[in-house]
Amino acid sequence: MSEKLCVFPGSFDPVTIGHLDLIERASRLYDEVVVAVLHNPAKQGRFTVEKRMELLAKACAHVPNVSFDHFEGLLVDYMNARNARVVLRGLRTARDFETECQMAQFNLQMAPGVETLFLAAKPEHTHISSSAVREIGMFGGDVSPYVPASIAQEVARLLKPQPKR
Amino acid sequence: MSEKLCVFPGSFDPVTIGHLDLIERASRLYDEVVVAVLHNPAKQGRFTVEKRMELLAKACAHVPNVSFDHFEGLLVDYMNARNARVVLRGLRTARDFETECQMAQFNLQMAPGVETLFLAAKPEHTHISSSAVREIGMFGGDVSPYVPASIAQEVARLLKPQPKR
Amino acid sequence: MSEKLCVFPGSFDPVTIGHLDLIERASRLYDEVVVAVLHNPAKQGRFTVEKRMELLAKACAHVPNVSFDHFEGLLVDYMNARNARVVLRGLRTARDFETECQMAQFNLQMAPGVETLFLAAKPEHTHISSSAVREIGMFGGDVSPYVPASIAQEVARLLKPQPKR
Amino acid sequence: MSEKLCVFPGSFDPVTIGHLDLIERASRLYDEVVVAVLHNPAKQGRFTVEKRMELLAKACAHVPNVSFDHFEGLLVDYMNARNARVVLRGLRTARDFETECQMAQFNLQMAPGVETLFLAAKPEHTHISSSAVREIGMFGGDVSPYVPASIAQEVARLLKPQPKR
Amino acid sequence: MSEKLCVFPGSFDPVTIGHLDLIERASRLYDEVVVAVLHNPAKQGRFTVEKRMELLAKACAHVPNVSFDHFEGLLVDYMNARNARVVLRGLRTARDFETECQMAQFNLQMAPGVETLFLAAKPEHTHISSSAVREIGMFGGDVSPYVPASIAQEVARLLKPQPKR
Amino acid sequence: MSEKLCVFPGSFDPVTIGHLDLIERASRLYDEVVVAVLHNPAKQGRFTVEKRMELLAKACAHVPNVSFDHFEGLLVDYMNARNARVVLRGLRTARDFETECQMAQFNLQMAPGVETLFLAAKPEHTHISSSAVREIGMFGGDVSPYVPASIAQEVARLLKPQPKR
């Protein structure tokens, strides 16, 4: 297994500037970063997995050593399939921490070589989340401060509620 | 700056099995791990910095790619002096997280290339701390479940209260 | 925009004695208090927005400078429409705080003049929530310690499960 | 009301080794332990209440003074029906605490003699939950480290996704 | 070891109405309650251990099955000396919980039969602490809402700052 | 008592850009803002109360409706002396919240008209504190991103460690 490759898993529904900052920072720490979109069949996302990957690719066009993938099921199975051992996750709040910490502990027990490394979000990003972006956009608010500039218009358009009939 | 070297700073007053587990895990993720004992002139430790480094060296004798150092002052200055960019820290509880997160955010602002990566403590280590070890030892309790086996006797002996007069 | 008017938004599904205490305290701090029921089309409440407003009006009959309204969509749009700049919210627990803080930070960014001011719930109200009232009432428990006296009977009657068939 | 009997309520969907540890510890503190499965008609469990009780009984076959029951509605009504005054609950994280604390405070107000006593989970169990077991099992991961040995195979088989078609 | 006896350890510097409520509740759950004042030689209290015990005895004069003691060193040693296995502690906030939980986990590991049972403070007591009482009293504020009526005057008098010279 | 005046109490040892932002925001919500430096005789500050007030005055020179004061003892006594009823405080983290909430609850009980209103710190300020500024400055780090520009040089100079002998 390689410790030069890191996998950054998540829903990215859609990618935010907080995610992008973490991806950029990861790209300076690892030779290769794989952003892996979790496809959860039990929980319909707002965007399709394909659209999320497309938005990620546009947002990260300037990051040389990043690639995109999607997976379903357990993260540890995906990690083994990729021969990867480093999971990277961002932390924003104490609440995030408890959930993330439990997942990292499970993953380490299920696949002893698989380590989760956490990066603290920058202070100015700690309140930003995909769900906040979806809610602001759904009600016609301005999402552009929260999503990468290269995809802001598209995300706004896709989230905007359609006029009824 | 090298991303193959990580610095694991702390007080290690004394090193616990929680610390040792993190050092071992770090040694599998990085080519070189520097355990750096913080010498805080304003806060007298229970053990001298020299003794803490000696205990660390004994506890980590089986870890090939680890070395020991000490520093005073700002961590970012030490990181620059070592030409290192990865700080590694463990997280145990939500309370840890808030303090650690703020330090990581400051360090990233003060030295933009310096990233702090966090590892979640193993569940069975989440309650263990140097201060708990000191308190248990000071009152004659058994510290051996909480410090590495190779130093347990010495730590117990050093912590044991001296008979008065 | 007026800083003499405050808007107290919420679901109020139904109003509790915790809410009433905050409204009374707000009425002594601002010339005019607008209690604004959020109508969330994506999340069916237990009571209709009309019934929630009716219960609020009964519960607050003794508060001279309060009025009631409802809104849909972003709070900042409602604030602008009302020419208001002060949002008032109660805080009960550390968990409340993280959610509320993020919303306040978003609202301040989306509408720079719109400030959210938080009041700490009284200690004896920190465990009370509309959802707890609904659950207690649904199973035939006594909700009267938790909702204003003037509406306790009506709330109990409306929450009581109907005999099947 | 008897203080020699304790009721350990929960969903147990399914029972984990964390639950079993708490039941064993409770059995040494009280003459009689009643494990009471909450049947929540509004929230479909993964296992039926009957199956959850069956799994509990198998897992606790070695505990002499434990019995199993199920209930619907308010815990305080069940406590009164059983003439019991001690509720026992486990605590794992700070987040657990806020929710549990509020329920205990409500129950004490609704039935003044009914006290909730909390036991801290062992450190090595703090990350384990029924929902994590369900998710791991659903994706074919190994649940055996997290459920009692006597039911591990059955739980794994029941959680395993059925081949489609 | 007896599970009919519980030990309620603490600093009680001085006893508050929150402590008294917990002692009263404990006295209804256990045949015998021992309130044990921790004497920490490293941390000078505001009241002597003797005065703290005297204030406790006055405050609890109406509780039949309670006695008072003091101890120094590890709680588990005291528990063994008393042949007791149940420690009782109150919980007020999420912050309390982390500290208390770690101590309970250590105590269970150091003395496997010694269990810590937690009671949630009543909502109206969650903000009350000995340190708040000391600070309010030191600046001449009214401590009577926070300490038992039978000792309020004495506590106020003892905390009041002496006129200088 | 006037609800047009707010008191912003704190240690301000020294004032940070987080404090300044809150003062500016308060100045737009209240006719008059009094920044009140707490003089705690039991806890020596890094700067004298006089110097802290001088630094505050320089930092807030552009804020028309703010004045500066200092007090010792209970905040509620100071509020009564000023005939003020609104305390303003900032909140940064969940940990802040618990402490602040308890103080607000005490103050409301001790002086029923005195309300504490909380403002959430801006995301980019949530990690900034006077103690972090002191520590960074003491070790020769750059404090200028964290203190108002008008006082940055002076604060840096005053915090800088003196060459020994």
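Letters A, B, C, D, E and F name the chains as they come in the text, with residue numbers starting at 1 for each one.
The definition used in the following text is that a contact is a pair of C-beta atoms (placed from the backbone, for glycine too) under 8 Å apart; a residue touches a chain by one contact, two chains touch by 3 or more.
What you are looking at is a predicted structure, and each value in this text was computed from that prediction instead of being measured.
Here the chain-to-chain distance from chain D to chain F, counted in touching steps, is 2. Common neighbours of chain E and chain F (chains touching each): B, C.
Shared contact partners of chain C and chain D, listed by label: A, E. Centroid analysis (C-alpha atoms only) places F farthest from chain D.
The interface holding more C-beta pairs in contact, when A-C is weighed against C-F, is C-F. Matched by residue number, over half of the contacts between the chains of E-F recur in the interface of C-D, chosen from C-D, B-D or C-E. Among the other chains, B has the CA centre that is most remote from the centre of chain C. With each centre defined as the average position of its C-alpha atoms, the distance from chain A to chain E rounds to 48 Å. The mean-CA centres of chain B and chain E are about 34 angstrom from one another, to the nearest whole unit. Chain E has residues 93-95, 98, 101, 105, 123, 127 in contact with two or more other chains.
Pairwise chain contacts in this structure: A-B, A-C, A-D, A-F, B-D, B-E, B-F, C-D, C-E, C-F, D-E, E-F. Chain E meets chain D in the complex at residues 3, 25, 28-30, 85-86, 91, 94-95, 97-98, 100-101, 104-105, 108, 113, 115-120, 122-123.
Of all residues in chain E, only 73-74, 76-77, 94-95, 98, 101-102, 105-106, 109-110 touch chain B in the complex they form.
Across the complex, chain F is touched by residues 93-95, 127, 129, 132, 136, 139-142, 145 of chain E.
The residues of chain E lying in touch with chain C in their complex are 93-94, 123-127.
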